[in-house]
Amino acid sequence: MNKETTSSKVTKWVLISISFIFIALMLLLPLITVIIEAFKQGWDVYKQAVVDDYTVHAVLLTVEATVFAVIINTVFGLSAAWSLTKFNFKGKKILTTLIDLPVTVSPIIAGLIFLLTFGRQSPLFPILQDLDIKIVFAVPGIVLATIFVTFPFISRELIPVLESRGNDEEEAAALMGAGGFTIFRKVTFPHIKWAFLYGVVLCTARAMGEFGAVSVLSGHLRGKTNTLPLHVEILFNEFQYVPAFAVASILVVMAIIILILRSVIEYTGMRKSNVR
Amino acid sequence: MYVELKNINKSFGNFKASNDVSFGIEKGKLIGLLGPSGSGKTTILRMIAGLETPDSGDIIVNDKVVNNVPASKRGIGFVFQSYALFRYMTVFDNIAFGLKIQKVPENEIKERVLELVKLTGLSGLENRYPSQLSGGQRQRVAFARALAPNPKLLLLDEPFAAIDAKVRHELRHWLKEMIAKLGVTSIFVTHDQDEAIEVADEIIIMNKGGIDQIGNPLEVYSNPKTAFVASFFGQPSIFKDYNKFRRFDPVGEVDQVIVRPEFVKVTKKTETQKYQNSAEEGVVTDVAFRGTGLELTILVNGENITARRRFDQAPIEVGEKVDVFIYRIFATAGDKVYPLENQSLREPVVVI
Amino acid sequence: MKRTNRSVIPGFGLTTGITLAILSVVVLIPLASLVVFTSHLSWDEIVATITRDRVLASFRVSFLTAFVASSVNLVMGIILAWVLVKYTFPLKRLVDGMIELPFALPTAVAGIALTALTADTGLIGGFFAKFGIKIAFTQLGIIVALIFIGIPFVVRAVQPVLEKLDPSYEEAASVLGASRTRIFWKIIFPEIIPAALTGFGLAFGRCLGEYGSVVFIAGNKPFETEITPLIIMSELQEYDYASATTIALVMLIASFVTLFLVNLVQSRNTKILKGGV
């Protein structure tokens, strides 16, 4: 390539500057704002907001919903990836489309369809009531909504990796008499390890931050059905700005941890898969 | 018969991969399944292994119908075209895998794996991963892995396809020797005629899902039973009209005439030709170097014929007029093949 | 569902069974109940609901703000992708990681942070207030929130295409004497435009449905800054499920159409990425 001309050098630094300003204004500044607002009235007020009973409860509920979403989506993701990449059967295309559907739906609509399914006007409602199961405006509803909005996050990381590899290794192992779990553990899993971790991280990020769908289904009962993002909303709408930002700062820290994990996994995973 | 296929049929959608295939294989033989791509040879191999299920017909191994025996219980070793080595296991673990599944004691596994490592010339590479091996070494690992559980039948799918030409040649001999030494009944699939002829004890030639001919390499080479087999071997020159060449017995309507390079003798005008009278005159249109000699393209009676000449014979140039004598031709009509000899060979030679 | 060929690899029944069971509970049954509920609605009811002035106004606000925000991201996304692929500069890895922030940061947190920032008392809001421009609690505020939400889409769509672009392509053009601007517009731009449009479509779809970040900054004044998801939400809070479902159907159709168009563009995009000519 010929030497960089002065004009292209100017273009380069203009474009880099625009990028930096954009990132700083749109991404960095909001993060800093959360921290500044949270500590506006000093450490004590911040601490009080964070260790508040309602906050602690919201943290626990968020963790609960996230753990459920990760577990269910892991079981689903691994099963779906195995079924869809190792076998040929009719209806595969429809299945793939249905798996991807939840992320294309607005969170509010996601909440709505669960409301229609399990709510008061649903044909299922009397049955649920007889069994004394509460879903809507209760914890199960929040968990279901969280699973729904994160549904394809793990399977869609795994499927392309398995698809690009073919099934030779699994066939070879099966020919030698290895059972399904042995094949999965010894032969298949090492290939998808990094993609799987990546999916788990993305799933966690979305699960802990979900707002719209959970908002529809929670009924906003403080100390009962409030997740962290919902708790932030309540505090903010009550003009308790400092506590609102203090609680939000917990989520900011979690988001940063997730971003770091994501980069590490992407980087290590890429290097590892280049070696083999 | 150790392995027997009876009236096997198999279709994928509209594609008929196996059309009423039947054959038998004796114990201890090394069999080459030869055919062009799409001829159904790999499907046959995969059905014997249990990787595919036939639509109808029986597969018999050691006097037992194995159609409903799961692949893993058939006592078969399988070498995949891509080798399918476990990429996240070392050479040692790859070879040991089948034994571990069978819960063989740890010390026996070690003994057996080291024995195979030595046998296949992989000593010192036990702790490497497949990505750290050359193509030839990977093939040996795949071979060792398939042999580890002592299979009664070894199946190899295009075992040399992924290796470069030079190593391929060496590996062919190695594999033939190795299998002869172990005495394990083996079937390998190939699309390469030279490979089949060099390696196999017996060749099964497949075309369009069916079997055209079975026989030892010399048989199928010199006595092709079908038009397809006749045209598949060698580098045949093919024409429509055999009346263009004199001194062959008439056999009636003929679809095509096949002339292999080794059926053709080319002499310079300055050289003497034993069958001078029955030779045709031709013009050399191309001379190409092949590893073993010259390959000539000669225009005779309006047809291009391929012929060979050794390096130690006097050189021939493009444009030169030469005498061409054809010993034999294969004339085909429908699926029939008529091997025809030049009449001059039967006549007493009169040297003037 | 029947397998067309038996496979030696075990686990078909188990994995397919688990897949279908979870899919049914999480996706199929809820979706079916939407269909069942919709079938009880009469056509007149549906028309009456979606032609209410307030609903129509919300459609206008939602589509307009989503379109403007995605357009800004289209331009900025191409610039960011270009900078990240073609140049080396300090903090590059950090910037690359930051792009992903809108996926990782809960939308509610983004919403309150942007509100605080752009309100008249905020750092940016205060600055613009001097010129009489209000951001928070106007449509401008909605656009700001949607820009935040949509940042990663175009960048992540264009980046791999730029990386895959054969450098000899550009070299050939520069050897032929084409100027850099000409090379960009004539050679590189046509290559990245399908990817950029895919990113635009995905961002647009996401923005249409976005709720968390917008409710805080929008002010939610009917006819002015009330987005459609918010109308659905308020109908739900009044237990008017019929109206909520009707409006939701319109949004669903809109996002499916968007998705369909994206897939159309993407199939062309995949061809380029896989190296097919």
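Each chain carries a letter (A, B and C) given by its place in the written order, and its residues are counted from 1.
As a working rule, a residue touches a chain if its C-beta (ideal position, glycine included) is under 8 Å from a C-beta of that chain, and two chains touch if they have at least 3 such contacts.
Keep in mind it's a predicted model, so treat the numbers as computed, not measured.
Distance from the centre of chain C peaks at B, each centre being the average of the chain's Cα atoms. Chain pairs A-B and B-C differ in how many C-beta pairs are in contact, and the one with more is A-B. Computed from the mean C-alpha positions, the centre of chain A lies at a distance of 16 Å from the centre of chain C. Chain B and chain C have centres, each the mean of its CA atoms, that are 57 Å apart. Contact of a single residue of chain A with at least two other chains is seen at positions 171, 174-175. Multi-chain contact residues of chain C (touching two or more other chains): 5, 8. Contact of a single residue of chain B with at least two other chains is seen at positions 50-51, 71-72. Interface residues of chain B facing chain A in the complex, by the touch rule stated above, are 49-51, 71-73, 76, 78, 80, 82-89, 97-98, 101-102, 129, 131, 145, 149.
Listed in rising order, the residues of chain C touching chain B in the complex are 5-6, 8. Those residues of chain A whose C-beta lies close enough to touch chain B in the complex are 166, 168-169, 171-178, 182, 186-187, 190-191, 275-276.
Across the interface of their complex, chain C is touched by residues 50-53, 70-72 of chain B.
By the touch rule above, chain C contacts chain A in their complex via residues 1-5, 7-12, 14-16, 18-19, 22-23, 26-31, 33-34, 36-37, 76, 79-80, 82-84, 87, 89, 93, 95, 97-110, 112-114, 116-117, 122-124, 147-148, 151, 171, 174, 180, 205, 208-212, 215-216, 229, 232-233, 236, 241, 244-245, 248, 251-252, 255-256, 259.
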